[in-house]
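Shared between the two complexes below is chain A, which has chain B as its partner in the first and chain C in the second.
For the complex of A and B:
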């Protein structure tokens, strides 16, 4: 692990700790209003100032971090599992199954990701409870984000199909189902890990895009996307620089994930 | 023997083109089915305000209802919907109250201009920096451009769009900044690998000019991959058009899709998505077929 990767790990650990202890660090919560302090600059009472509803921005950043950092890996896990089953099975079975699965995958891949997301999001009701909006947003990311990983896993599983140990297992009469779950899938673990790590920053960025466009997590629940929406009304960067804290945090976290992904790739190689 | 190989290549190319045509046809048919289902299930589909007209007789109202009865069957509705689409009628947007075709015709030029300019800027910048990286190995310049692309990759497209509004830069430059890092990373790796190939190292050692090495040896070797990247970059730029147009206030197809999503105007949104899919599929298929022609000429 080089210096950058160590720094990235430390930063991620720090951010995760802060997000986990959000209720202790910001006891007023993300929705608590201070009507005497509307759109205030940073002060001792409100470290990052308040928004136009008098809510503490520091608390909202902490809770937003908690939501984004908890649910992006959850969505990544879901999409990786879907990719493992769809791509892995298609590669393992080969022939018509693989062609059909890959044709569907290619069709999904040809759709620009954001178009697909906003279409799927618009199919759901928009005036839902905040908690439901969080679940829907990240569930959609997980359910629609499996395609690239499925392609990679299909190719990996196809190469395993003709591996010696699989042929030997088949020769001694191991059933197809057992062969897939016990022998093929565990050997796809490094690829699965890599795809999981790749998906996390992609989903964090996608949620941010949806949030800024008003199609992500609903108010008053904070997420990085909804916090970044505050940048919309700015006239200049120097006007209220503290509003850029969520963006700085997001960039640092995504950079850390990408730095650790490089480490993961080195280990896989 | 040569003739046989040529025939085989031609057959492979035809099979590839047939595959792409089939994919496009499947997209149109599946997309049409999805669109028909959503239009059929959209709120207010069964309502006809003409029924409230007091001048209409009971028989006329009955005739209107009978005409709508035919649309109850989803497959019959699908066939009539596809028939209308074949005649250029994409339906009507209920949130904007205008025909989808008119909306698309009015907004497409803005998006096309935005994408063409954005893609051109992104490709010129990415190829120029990637070439510099390949020529000047491990330079500070290479490190700086890699760092810039890494930083841009960590920014959500919508934030870049917001920053472009803040700094008063054009929407096409925002598209270029969103697409640039992806093109740069891939083309840099391709060119660096290409320049380390033995025949290029030999050509350099023999004193061949850099321009000749680039145009005659490096580019032809990576042309199929670059073409594939060109196809993918169209898809990336189209995706980036939504936040850029929505947040920069540009009246294009991306902004229309965003408005349709916020207004839950499903018929409009699905029609836009299908059209966008067809455009990106055409771009990718075109790039793939040209790449195949390149490969077959090389071998």
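For the complex of A and C:
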């Protein structure tokens, strides 16, 4: 492991530990409103200051990290798995199957997601707990986010179909199913991992935007996405740098994951 | 000699250039600002939402106009008018020689046609609701092309002022509602993007020096629900005014550019929370029972800290609301009313008196149902989202769990007016008129805008029946004292029953670029462009 990868591991470990011990590090919790300390800068009482409702930003970052680090990867995993099965199979089988799968993928890509999500919101009951809203949000993202990855995986699987090792396996009588699951799919791992890591920040930001439809994490529960929404206003880096901590955290965590992914690829190679 | 001539020519040239510059600064240019939402309609009789109201204000020609600065009624298309002693009839003497924007001549027949459309029950015109004072039809009598009298089945109080909202339609123009009499006319509409209004070449009005109005060539209204983007664009010089500014941005602007930030004082607008009291609403019966209980609503009202809403959300550019009318409405506001004091203990006692009990930090009703409900508001409104979260925290202190849900505005309106699939809403009322007649479509139980339980065939509660009666009494009287007594009692009943839990009255905050000349921000809507025909924009 080089220095950067060690730093990445340490950062991730630190972030995960902090998120896991959020209730100890920030006993006031993410919802407590200190109404006499509105939009305060960092202080001893509030390490990252307070938001516009007097809530401790440090607590909200910690609890938001829990939500985003748990559920964004879960949504990314779901979408990647769906992409692997649909795109991977399509590419492996080729011919009519590939055309049908890609047609379905194209259909999904062309659907007006905004209206579908509005419909989804209309069908959902209004009284759902914040936790339920979080789960539903990321589930929807996972179910809708597989299409782009599917196309990439289809192309990759198609190229593997005529690879030497696949021909060899076929020649010795390996069945189609076993060939796909044991030989082809594992060789798609680099692409799968890449799609997985790319999806995580995309889902975190998408969750924030879904708030405008009434989806997304419900108040007062925080998430990285809802914390990033603070930056929508007229915020100056110079004047209020503490507001950029969630953004910095997001960038560092994603970079750390990708650094470790590179390490894993080295080890595999 | 030659030197003297040259000097004279130079001075004359400078004078001419100066006068030309003055003349140029007084005319032309495009005013740019934003509409917060898509206008729902360009038919002036169907207008209800704020964006459509603003477009109607700029394009519609009215018989009379309330001067938003002096609050006095002034002649427009009507040279003179007279209201009969019994308040049932109004006669207008109209200006002659006026045409609609497409050249179609304007006459009394257009006024008669407009009234006929306005009062057509099939049209459900919200503007028409204000004129409905009793059963029977409205009769128009065209005395001459420039004289018309309109007779109502019953007296209508403040009759003349109501015509400020009635944009006259052409009976004969093939362009229908697109043929207008106002200073501007619709030139282009890109849904989701912008509305372009161009100067009406046939606008009848001139200024004191005989120059044709409006001075502006056009007004571009960009559809921009995001207030952050609107603010950024204003700061970059892409917009010339922000008609209604949030307190957060007002403070930021005032700190850096105090000359563009204007606080005109308490406005007529209010923000309120209300519960769904519609009997056929698809919500559990237990919740319907809570929401229809007066004491439940009063308790909720007591449990909300309005001072904090004013201080935290509005940065003290607002006051806790005492009732349906703002104290800025000096004549009509019932001065006996005071904002409810925040008292969560009293709220809890009141709920306990209704059979609610606190169990392990959760409030439960007589049947053991935990008191949980959702408050919806429009997404993108940070003000309302923050109010909802503060109220969520306030009610949590008495064991009530509130789910805050933000929805896109069309979905919210659909739930509020069509499916009634909601539990509580936070929204605001934008008051255009000082006269309570302007809110007939809110207080009459049969009205569409009687938001907590609209379009009742007959009043479902005794107090709503009383409010209906009092509103009709004040609407049918021409005696200001009698009207005031009746409406004071309406305000008292509304405060006693809290169908709307009035939260705050916000100040009228606006921003006007220094490029704009002639703007005088006021509290009556539209605050910054009420005199759009006389505005100019320099540097274009």
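Just so it is clear, the second predicted complex is superposed on the first by the 168 of 269 C-alpha atoms of A that agree within 3 Å, B and C clash if a C-alpha of one lies under 4 Å from a C-alpha of the other, contacts with A are read in each partner's own complex, and residues count from 1 in each chain.
Here is the rule we use: a contact is a pair of C-beta atoms (placed from the backbone, for glycine too) under 8 Å apart; a residue touches a chain by one contact, two chains touch by 3 or more.
Since this is a predicted model, take the numbers as computed values, not measurements.
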Touching partner for A:219 - first (chain B), second (chain C), both, neither: second
Partner chain(s) touched by A:258 [first = chain B, second = chain C, both, neither]: first
Partner chain(s) touched by A:248 [first = chain B, second = chain C, both, neither]: neither
Partner chain(s) touched by A:111 [first = chain B, second = chain C, both, neither]: first
Which superposed partner A:53 touches (first chain B, second chain C, both, neither): second
First, second, both or neither for A:103, with chain B first and chain C second: first
Chain B versus chain C as contact partner of A:182, first or second or both or neither: neither
Which superposed partner A:1 touches (first chain B, second chain C, both, neither): neither
First (chain B), second (chain C), both or neither touched by A:128: second
Those residues of chain A which chain B touches in one complex and chain C touches in the other: 118, 121-122, 126, 212-214, 232, 234
Chain A-touching residues of chain B, taken from the complex the two chains share: 23, 26-27, 30, 38, 150-151, 153-159, 162-163, 166, 235-236, 238-240, 242-243, 246-247, 257-258, 260-262, 264, 266, 269-270, 272-273, 276-277, 280-281, 284
Residue ranges of chain A in contact with chain B within the complex: 103, 106-107, 110-116, 118-119, 121-123, 125-126, 201, 205, 208-209, 212-215, 225, 228, 231-232, 234-237, 247, 250-251, 254-255, 258
Complex interface listing, chain C residues touching chain A: 226, 228, 231-232, 235, 248-249, 252, 308, 312, 372-374, 376, 379-380, 382, 385-386, 388-390, 392-393, 403-408, 411, 421-423
Residue ranges of chain A in contact with chain C within the complex: 31, 33, 35, 38, 52-54, 118, 121-122, 126-130, 211-214, 218-220, 232-234
